[in-house]
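Structures follow.
The following pair of complexes shares a single chain, subunit A, combined with subunit B in the former and subunit C in the latter.
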Partner chain A sequence: MDILEEITEILAEILDIENHNISPETYLIRELGAESIDLLELAVAINSGFNIDVNDDEIFLRKLRDYITEAEQQNKNILQYLVKNLPFLSHKRLENIIADLEGGPTLKVKDLISYIEWQNHGT
Partner chain B sequence: MDNMHRRVVITSIGVISSLGFTIEEIIGNLKNEKTSFERSFFDNDVVISPINGFDVKDFAGHFKDRRYLNRGAQFCVASAIEAVKKAGIDKKLLAEAGLFLGTGPNLDIGGEFPDVKGGEIDRRDLMALWMLKFLPNTAASVIAKLAGIHGENQTLTTACSASLQAVGEAFRKIRDGYIDLAFAGGGDSRLSKSSILAYKKAQALCDGTGKPERAIRPFDRSRNGFVPGEGGAFFLLEELQHAEKRGAVIYGEICGYGASIDGYSMTAPEPDGIWAERAVNAALREAELAPSDIDVISSHGTGTLLNDSMEAALIDRVYGKRSPFIIALKSWIGHIAAACGAVELAICLACMKYNYLPKIKNLDKPCHTGLNFVREGRRCSTDNILLENFGFGGQNSALIVRKY
Partner chain C sequence: MFFFNPEYPVNPVKKIIFNSAKVLQKMKFTGNRALILGGSCDLAISLARRMIEAELFPILTYRNEKGREYISKNLKDCQKKYSSLYLEFGNRDSIDSLLHQTGDVIDFMVDFVQGNFESLVASADIEDVYSYFAENVSFRAEIVKRVARIMMKNKRGRLIFISSAAAKRPNPGQGFYAAAKLASEAIYKNLGLELGGHGITTVTLRPGYIDSGRGKKFIQDHSKEIIDKVPIKRALTKKEVAEAILFYLSNSAAGFNATEIPMDGGLTAGK
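Right after this comes the complex of A and B.
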């Protein structure tokens, strides 16, 4: 089973939804309505399913808006600052995230996959 | 309204039992003697009364908090949602409603911790909030969230007396004017390996080596223990005028409740039932009825040596030579632990509506003379039924329902 299939199974189980509602582009919070306790369970399930040690703040992009504020306060380039702090996300993805901030929580299924791949490749 | 004159009626029934999921189905299966007794698949010496194929999703749909419900809590949620649906009340009334539940412990320890050694329970796949499966009020939390109930709430955990007490406590809250309506009941399941182990070690289960349907024999001289079951039932309790104003169907009136604790033994009842009698007398007093007004006693009747001899002595003492009809519904559905009172109340309401009394199954040689045990199923119109439930720890409760 590839990472997408496995993460889809995990999300379907935790959120009690059908697999076909989940794709790499699906927003976890905006679309699937994941709440904080769901993310708690998701972290445990990813730890166990992929045998990695998830950092909740990193994988769920919890500090994203803090990083942006910090960059602004320090007059730093926002994109460069995010690349440094969220190294598992691509430049292109981070650009999209920055453009998408006003729409609400930006976390997508593909971000979880990026995090897991990044961890698997022995950071 | 003067609180002295507030009356409380039952206006919705949600029931999930091995005899059926509606009171019509239950009456049909009582008359056709269709029970679910079978041998446990993991222990050939144990007979159980399961609800095979039960899935909480069939009743409550998809909801993610399902992951935090042990099987007993699933019966709680499923039957509560049934009662909510059948009540047909709007969001505003649901928000005002109270919620009173009787729940049991999650005895499915092995399900959660299959390889626990030396107290080391940490596993990578253990849920973040695994403790919710063990907290007694998780069912209440889920029901309230799904149904939009926001009124007064209590979760009672008084062993096998719990759900009858939940109904009794809700009845008093409404009668005394604190609330106008409340959902009350309970759900439980004790068929898992660790539950069976618990009751087996306590020597409470009957010898299951014979025919499964003959295993539980309440009030019979050869009785030797109970059969564990599972299920749940919830009711909408409502102040009478409130119910009449909205044209609700009324299944019966609750008119008296009593409870007490033995203070005697951790498991065995006080042998003469002197403290259990206090609960029965309190219910009679509250209902302003004399013992002779009771037509039927729905006994606790577990089929254990100690319960049935205590209960027979108690009935003899309270009613003297005018014994009401005595039924023992556990001979049909097994013992549903914390939920037995709620499910037995649902069956009693079915019997009251359809003027029928089921026999006590497997009662060949009564352990006590002079008592009016129902030996054959019969047509019978009943005005007042008194339900009794007693639990581990010396928990005693009695509730009286009247035909409306």
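Right after this comes the complex of A and C.
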């Protein structure tokens, strides 16, 4: 089972939804309505299922908007600041996130996959 | 119901006491492995004995070699029915080491740990205040968080925090002790509130005067004062407290969650 399949199984069970409603592009909060208790359960399941340490704030991009505010206050380039603080996301993904902020919480299923791959590679 | 039989004149109270070990064995528990934080205090050892009688497996933590030896000496007749592991409140590395050794199953946790800190608020050394709260509140939050996540994997868990009647009614000099207890109670309460639906529940007990450990000498020195203050006119025994804790861990007490329960003989009920 690859990472996407496993994450899909976990999400479907936690959120009590059908697997076909979940793809890498699915928004966890905006579309699936995941609440904080669901995300906690997800973090525990990822920790257990993939045998990796999970920092909830990192994997769920909880400090994203704080980082953007910090970058603005310090007159720093927002993209570069995010690259430094969210190293498991690609430049392209971070550019998309910055462009997508007004729509609400930006966390997607593929961000979880990026985090797991990043942790698995020990970087 | 007790029926008096003239052929066998048995005192019913004695009969109940005689059977207390059997009563413990009859309690039903969801799970087996019980982590006891602060395992080298007399109350914890008394609890561990009753857990063993109830066929649970206690894992007692100690913070130094003296504590390890004390546990070993007092449970020497219970070899292989318990384990003891190092945990020092304030030393975050010791959490990693502890949880690495306990493995992925912790069904129960009973938390006796509390550093003592007596000082009038207006005369306290402020550096001591910072370190006291770091050890007794922040460190506790970390271990509660990590144990809760282990329990979440198994979708079950029961945690009991041993607070104190002083949390509700501190004496002069107990302000920081009471504040740390109340803060810790809030952590446990919220855990039960947040994870009750996931099978993880919490209870805080607030014992009053106990004829054991830190309170023993105080009780000996102030026996008249205690008799005057406590409606049941005596201190609690460690056996009573240990058996109450075991009850609150049992399935029969599953309805108690996210709450604080006084166990003080009525001490804090009146003026």
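Note that the second predicted complex is superposed on the first by the 123 of 123 C-alpha atoms of A that agree within 3 Å, B and C clash if a C-alpha of one lies under 4 Å from a C-alpha of the other, contacts with A are read in each partner's own complex, and residues count from 1 in each chain.
Simple rule for what comes next: contacts are C-beta pairs under 8 Å (C-beta built on N, C-alpha and C of every residue); 3 or more make two chains touch, one makes a residue touch a chain.
Since the model is a prediction, treat every value here as computed from it, not as a measurement.
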Note to self: Under the superposition described at the top, does placing subunit B and subunit C together on subunit A give a clash or a fit?
What the structure shows: clash
Checklist line | Comparing the two partners subunit B and subunit C, which touches a greater set of residues in subunit A | finding: B
Note to self: For A:41, using the defined touch cut-off, is the partner it touches subunit B, subunit C, both, or neither? Pick first, second, both or neither.
What the structure shows: both
Check: Which holds for A:16: it touches subunit B only (first), subunit C only (second), both, or neither?
Finding: first
Check: Between subunit B (first) and subunit C (second), which does A:1 come into contact with in this model arrangement: first, second, both, or neither?
Finding: neither
Item checked: Segment of subunit C that clashes with subunit B, given the candidates 5-13, 113-121, 131-139 or 149-157 -> 149-157
Notebook entry, point to check: Intersection of subunit A residues contacting subunit B with those contacting subunit C?
Noted result: 37, 40-41, 43-45, 47-48
Note to self: Touching residues of subunit A toward subunit C in the complex: what are they?
What the structure shows: 37, 40-41, 43-45, 47-48
Check: Of all residues in subunit C, which touch subunit A in the complex?
Finding: 104, 149, 152-153, 194-195, 197-198
Item checked: Footprint of subunit B on subunit A - complex, ascending -> 13-17, 37-38, 40-41, 43-45, 47-48, 51
Item checked: Complex interface listing, subunit B residues touching subunit A -> 62-64, 66-67, 123-129
